[in-house]
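Below, each structure is written out as C-alpha cells.
Shared between the two complexes below is chain A, which pairs with chain B and chain C, respectively.
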Partner chain A sequence: MAHDHHPTGLSRWLFTTNHKDIGTMYLWFSFIMFLIGGLMALGIRLELFQPGLQFWDPNFFNTLTTMHGLIMVFGAVMPAFVGLANWLIPMQIGAPDMALPRMNNWSFWILPFAFGLLLSSLFMEGGAPNFGWTFYAPLSTKFGPPSTDFFIFGVHLMGISSIMGAINVIVTVFNMRAPGMTLMKMPMFVWTWVITAFLLIMVMPVLAGAVTMMLTDRHFGTSFFDAAGGGDPVMFQHIFWFFGHPEVYIMILPAFGIASHIIPAFSRKPLFGYSSMVYATASIAFLSFIVWAHHMFTVGMPVAGELYFMIATMIIAVPTGVKIFNWVATMWRGSLTFETPMLFALAFVVLFTLGGVSGVMLAMTPVDKQYHDTYFVVAHFHYVLFPGAIFGTIAAVYYWLPKWTGNMYSEFWGKIHFWFSIIAVNLTFFPMHFSGLAGMQRRVPDYNMMFEGFNQMSSIGAFMLGFGQIIFLGVLIHCIKGGKGKATDKVWEGAEGLEFTHLPSPAPYHSFEQSPEVK
Partner chain B sequence: MSKANNKNVLFKAIGITALMTVFAFAMVPLYNVFCEITGINGKVVVSEALYDEVETDTNRTVTIEFITSINRGMPWEFKSTINKIDVHPGELKEVMFYARNYSQKTITGQAVPSVAPGQASFYLNKTECFCFDQQTLKPGEEIKMPMKFYIDPELPEHLHTVTMSYVLFNATSKGSDSVAAN
Partner chain C sequence: MSLLKKVMSGLVLFVSMIMGSLWAAEPEYSTLNLRPGVTDNSQLVYDLHMEVVVIMFAVAALVFAAILFAVIRFRKSKNPNPAKFSHSTTLEIIWTVVPMLILIYLTKPAISLLLDMEDTSKADMTVQVTGIQWKWKYKYLDSDIEFISSLSTPAEQYNDYERNAAEKGENYLLEVDNEVVLPIGKKIRFLITADDVIHSWWVPDFAVKMDAIPGFVNETWAKINEPGIYRGVCAELCGRLHGFMPIVVRAVPQAEYDQWVEKKLAEKAEAERLAAEAAARSWSMEDLMAQGKEVYEAKCAVCHQSNGEGLGTFPALKGSKVATVDSADDHARLVILGLNAMPKFGEELSDADLAAVVTYERNAWGNDTGDTVQPGRIAELKAGK
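Our next item is the complex of A and B:
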C-alpha cells in the first residue's frame, strides 16, 4: 500500500501502535518465556529422575518449581493469549486496529521489565522466590528470601500489563465492531476473549491487593497474615484463590474459542450450538468466582462449607460438558481432514476432558483429602494447561500462521511436531496420576524408591516434550522465511470469518480501514 | 467507533478495576466479620464476658481440653497446668497457665486463642484471659496466668467436648521474628 510507511529497525518495535506488530511481539515474548520456564521444568525432572539428591540442593529445587509456575502462568500462557487477541480480534470484528493503540504498546513493553525483575531474583543473595507459585503466607511473608520484594513488584507490573490488555480488548469489542456484527454474531474467539477480559479486570486487582498486603506485612509492620498481630494466614489462601480460580479460566477460555474456530473449519460444518457456547462460557466465568475454596479443603473448613464448595465446583462440569458435546456434535458427520491445527485441536478436546475428569475427582472433598498436594494434582493441572492452554495456542498459531505470514508452513514437520508432543505430553503427565494416588507429594526433590519407575517415565517424557518444541521453533522460522510457498487468501477450504473471507494473505499492515459489511 | 465512546467504555472498565481493588482490601474486614458471625475458623471474640449468676446445669457435663503451642521463634515454655477439666454448663471455672522465658532477652508474648469445634465459640465466655493482653517477661522470669471461663448452658446437646487452643507468638518487635528464630 502506498501509505504503508512506518519506522523500521528497532524503533518500529519500540514505538509501534500497530496491533499486528504488538501481537507478534507478545507471541515471541511468550515463546521465549515458554522456553525459559520449560528449561526450569527440565531441571525439576532431571532431579526427579532418581530418588535422592543428585543435582540441586532442596532450596534451589523449590526455586525451580516456583519460578517454573510463575513464568508459565504469567509469562507464557497469558501473554500468548493477549498476543493472539491483538492479532485476531481487530481482523475478526472488521476493525482497523485496537481501540487504544498507545496503551497497547505500553501494556506490552511493561512485560520485559516485569519478568526482568522476576528473573533477576535468580541471581540474588538468598536465591529467588522458593515458596511455590501460590506464595502462601507466612512462607512468603516471614520466611521468604529478600528477593521476594522483586517478585512482588514483578507481579504488580504484570498485573498492570494484563489489566491494560484486557481493557483494550473490552473497548475494542464494544466500540469497533463492523456495522452489522451484533454481539451474537461475533466469532467465538472474540466472545471467549471478552469474557476473559472481564475476568482479568476483576481478579488482577485482587492479586495486586494480595501482594501489596504481603509487602506491608514484610516491611511496614502490618499483620494481614500474621496471627501474632491479629491477622490470619488462612485469609491469604482465601484472597489468593479468589484471584486464582478465575485465573485458571483466564488461561483456558481463549483456548475454548480457538477450538471453536478450528474444529468447524476442518469439519466443513458450522459450529454446533453457537449460542449455547456463548452462554456456557459466560456461566463458567460466573461460577469461577464462587468455588475458590475447593483449593483449600484441608485447611479445616466446616462440613457445610466443604459441601457447598464441592457441589458448586461440580456444577462447572455442566457448562464445560455442553462445550465438549458441541465440539463433538460439530464433527458429527462432517467431512473431516486432519491438518496440523485440527490434530492439535482434537488433542485439546480429548486431553482437556481427561484433565477435567481428574478435576471432578479432586472436587470431591473426602477424596481430595488424600489427593491434596500430591502428584495427582500436578497431573490434573498439567493436563488442563499443557494439552489445554498450550495445545490450544499452538493450534491457533498453525491455523492462522499462513494468514499472518502469507506462507504455508511445512505440513510434514507440523505433524511430526504434533505426534512428538502428544506422545511426550502423555508420557510426562500420565504417570503422575499413579504416583500421586500412591502418595507422592508435590514440591519435594526426593521421593520414596517405589515411585522411581513413574518418575523416570515422566522425566523421559519431559525431555522429549522439550525437544518437540524446538521442532515447533524450526517450523515457525521456516514458515516466516517463505515456508512451502504462498498461502491462498482463504488458506483453508472450510475457513470462515472476516480475516479469511475479506483479507488477503498475508494480512496487510493496515487492514479494514473501510469497515466491511456483515450480514 | 467515536473517541467519546471509547473514553466512556474505558472509564467504566477502569471503574471496575478500581472497585475490585477496593474489594480486595475490603475482604480483610469482611473475612473477620464472616468468621465471627458464622463461628467458622474457631475464631473467638477476644473481649471480656460478664458472669452474672448464670444458672448451672448440673445434669450435664462438658469436657474442656486445653492445647498450648509455641510459634516458631518464641523461646518460651508455655503450658496449661491441667490438660482437661469437666465442667457443668454455666459454672465459672479458673484454669492457670504457666509461661517461662528461657532466653537471654526480654520478650513480649501474645497468645492467640482458637476453639474447636468452631460452633462452640458462640457458647464459650471468658471473663478473664491472659490472651486479652500481652505479657512481657525478663530473661528467666516465669509467670502464672489465669483464664476464667464458663460455658453457656445453651450449648447444643451434641457437643460434649470442647478444645481450647492457645498459640503463643513472639510480639516483641514485629518483623524481627525470623531473626530471633536463628
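Our next item is the complex of A and C:
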C-alpha cells in the first residue's frame, strides 16, 4: 500500500481511474437507483391495493410504471453488473486494473447525468414519460409529453456509457489475462461478461437508432413510425425488440456467471460441465438475436413469421436447461453449506427455473395470444429479473464483500435479509400468474373486484420486499464499518479463483502488480 | 432418510394442490386460470395451455426435487467428503436431447392450432373494429350499422381520491354503453385498426387478441358456440385511460341477431331524421349552452376537465386562444378534424352536438365570447366551405 498516491476526498472519486473505486461507485449508484425504482414500484402497488383510484391520476400511474421499468433496467440492473465486472474481472484474470482506466471513469460519470435528465422529467410541465418502458410509437412520438426529448437524450447517454463499459471489458479480457489463463480456463463470470459485452456492443446502437428516429419523427418531420407518412408503427416494435431481447440476456448472463462461482464454492466441488456452460451461454446469446418478434405475437405478423419465432424461441429452453441441470449436478454429492451467498444462489436457480418454464409457455404463439400483455407476463419477467438478475447481484455482493472490504458481514442479518426477500418476492409475484390468467391486463391503475385478492397479496409482498432491502443496506454499512471481524484471505472454505487464492483480503488497490502464473 | 421422504411427499402434495386448484377452477370461470371460452379454438388454446402447464410443472418439480434432495442429503453434516467429478458426457447428452423431444412434442399441436387461428378466409360476416382513445368503434360491413362503445361505469365508482366512491357494480370497468351484438354459429371476421395509438382488442372467451394499429388493418376471426355476454379489455397501453375501455360482446341466436339489426337500422333512420331537423332549425344560445354542456361532460371533460382547466398535457380551454381569440369557424374545424392527441369528433358527433359544444366552450368558464354556432354552419364547414 506504500506507493498508493491517489487523491483523497471528493477528487478521489471524481478523477479516479481505479477499477475498484469505479466499481464501488457503479454499485452504489445502482443501489440508489434500485431504491428509487423500488419506491415507484411501491407507488404502483399502493394504487393497486384495492379497486378504485385512490392515489394517482391514471396518467401519473402510467408515468410510475414507465419510470420504474426504465430505472430498474438501465439504472439498477445494468450498472450493478458493470460494477461487479469492474471489481471482479481484473482480480479474476490476474490483471492490475481494467485496460482502459480513463474511459472507465468517463463511462461511470456519464450515468448520473443520464439519470439526472431522465428523473428531472418528473418535475416538468406535462409530466414524465408515460408510455411504458417499451415506448411504443405512436404513443411515445406523436402523443408523448414534451419531456420525451429528455428521455431520448438520457437513453443516448446510458447507451454510450454501456458501450464504453463493454469495450473496456472486452479489451481487458482479451489483453490482460495472466500467463497460462487460456480462454477455456477463464472463470465463468468473466466468460458470461465477455459474451454480455458483445451483446451490448451489438444492440445498444440499435436502441440509439430507435430513439433517434423517434426524435426526428417528433421534431424534424420524418415519419419512420407514422403510417400517414408512409412509415410503420410495427417497425418501431421490431427495432425496439431487436435491441430488447438481447437486452433481456444482458440482464441475466452475468448472474449465470455469478451462480457458477457460488454454487461450486459452497458445494466444495468443481463446477459441473464447465465447457458446456460456456457453450450454452454462447448459444443463448446467439439465439437472443433471432427471436425478438416473440414479444409481438399480436401485431398481426404473417403466420410463417409467427411459426418461426415460436420455434426459435422454444429452442432457447435447451441451453438454459443445460445450465440449470449443470448447477444441480454441481451440488450432487458435494458437501453443502448454506451461507447467505449460497442461499441467494439457490433461490436464484429455483425461481429462475419458474420464470423459465413460464417463458416456454409464453413462447407458444397460440396460447401467448391469451397471455400477451397480461399480468402473466408481468409475473414471468419479474421472476427472471428479481430472483434472477437482482438475487444474482445480491449473492455476488455477499460472496465477494469480505474480499472487497476485508471484513465479514453479519451472517445472521444476511440470513434474515434472505428469508425476508424470498418470502416477499414470491408473495409479490406468484399471484400475478393467476390474475393474468384470469384476464387482468398490464399497465392499468384499476381493475374489477375479481382480481382484488391477488392484487392485495402482491401489494403486501411488495412492501415487505422493499423493507427487506433496507436490511440489506444495514448489513452493507455494518460490514464496511468493520462487520464481524477480519476476513481470511480465502474467505470461504471452498472458494476458488485468483482473487481468493492469490490476493489478500481486502484486495490491494492495484490488484495484481505482478502477473500470477496460472497452471 | 425419513425426513427426506416427508419433505418429498410434502412437495408432491404442494404441487398437486396447485394443480388441483387449477383443475377445480375449470367449471366456474374462476379467478385462477385461463378460461376455456366459447369457441372451438379457445377450447383448443385452453387444452394446449393445460398441457404445457402440466409438462412444465413436472419439469420444474423434477428440478426442485433434485435440488431439495441435494440440499438435504449432501449437506456438509451428512456428506463431509465431496465427490470430485466435474462432467459426464452421457448425462449432458440426455439433458440436451430430452428437453428437445418435449419441445417438439409441444410444438406439433401448437402449429396446427395457429394455422387455424390465422385463417380468416370464408367468413360469414365482417365487423370492423377501430380503437380510439379510449373507446371502440364498431362497423358492421354487411349491414351498414356503426356505433361507438365506451365504458359505462360511472366515474363516481372509480374516483375514490376522497375515499367516497360509490359502491361498485359486479361488472365494474367491464361494462359499456353499446354492446357488440353478434350471431352464434357464424364465422365472424374482425378487421381491426385504430385512429390514434396502438390498442389491442382482446376477448378472452374467444382467445382473440389482436393489436389495433393506426394506418394498418389486422384480421382475426371467431365462431361463437354459445349465446352469452363476453367481456374483454384493451390489452395494449394506449394512454391515460387504457384501463377504462372495455369490450362487451353479446352473442345471440341468428334470429335474435336479425331483429337487433332491424332495430338498429330503424334507430339510425330515426336519429338521422332528428339530426336533420335539429340541423335545420336555428338554436337559441340557451339551448346550445344546455346541449353543449351535456356533450362536453360526456366527450371532452375526460381530458380538458369539467372546469375547462385541462390536465397535464391536455390543454386548458378556459381563456385559451382557440376558444376566445380564434374565430368560431377555426375552433369548430379543430373539433371536427382533431389535432395530435385530440380525436376527430366530426364523425362521432352530430352537427347539432358539434355546434352546441363549440358554443359552450366559447362561452363557459368566463370565456364569454358571445359567439353562437349553428348546426347549419357545421355542415358547411364539414363540406369544406
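As a working rule, the second predicted complex is superposed on the first by the 519 of 519 C-alpha atoms of A that agree within 3 Å, B and C clash if a C-alpha of one lies under 4 Å from a C-alpha of the other, contacts with A are read in each partner's own complex, and residues count from 1 in each chain.
Simple rule for what comes next: a contact is a pair of C-beta atoms (placed from the backbone, for glycine too) under 8 Å apart; a residue touches a chain by one contact, two chains touch by 3 or more.
This is a predicted model, so every value here is computed, not measured.
Once the two structures are superposed, chain B and chain C can be ranked by residues of chain A touched, with C on top.
Legend: residue contacts after superposition of the two complexes on their common chain; A:Asp57 is shown touching chain C, with no touch to chain B.
When the two complexes are overlaid on their common chain A, residue A:Val171 makes contact with chain B while staying clear of chain C. Of the two partner chains placed around the shared chain by superposition, chain C is the only one that A:Leu307 touches, whereas chain B remains out of contact.
Looking at the shared chain after the overlay, A:Phe108 reaches neither chain B nor chain C.
Shared-chain residue A:Phe34: touches no atom of chain B or chain C.
When both complexes are aligned on chain A by C-alpha atoms, chain A residues 142-143, 226-228, 232, 234, 300 touch chain B in the first and chain C in the second.
The touching residues of chain C, counted against chain A in their complex, run 30-35, 41, 44-45, 48-49, 52-53, 56-57, 59-60, 63-64, 66-67, 70-71, 74-76, 79-88, 91-92, 95-96, 99-100, 103, 106-107, 110-111, 113-115, 117-118, 157-161, 163, 165, 168, 170-174, 192, 196-198, 200, 202, 204, 207-211, 213-216, 218-219, 232-244, 311-313, 340-341. Put simply, chain A touches chain C in their complex at residues 51-55, 57-59, 62, 126-127, 130-132, 136, 138-139, 142-143, 145-146, 226-228, 232-234, 267-276, 298-300, 303, 306-307, 310-311, 314-315, 317-318, 321-322, 324-326, 328-329, 331-338, 346, 349-350, 353-354, 357-358, 360-361, 364-367, 369-370, 372-374, 434-435, 437-439, 441-451, 453-454.
Partner chain A is touched in their complex by these residues of chain B: 1-2, 5-6, 9-10, 13-14, 16-18, 20-21, 23-25, 27-28, 31-32, 38, 40-41, 71, 110, 112, 118-119, 167, 169-171, 174-175, 177-178. Chain contact summary for the complex, chain A toward chain B: residues 99-100, 142-143, 163, 166-167, 170-171, 174-176, 198, 201-206, 208-210, 213, 218-219, 221, 223-224, 226-230, 232, 234-235, 238-239, 242, 300-302, 305.
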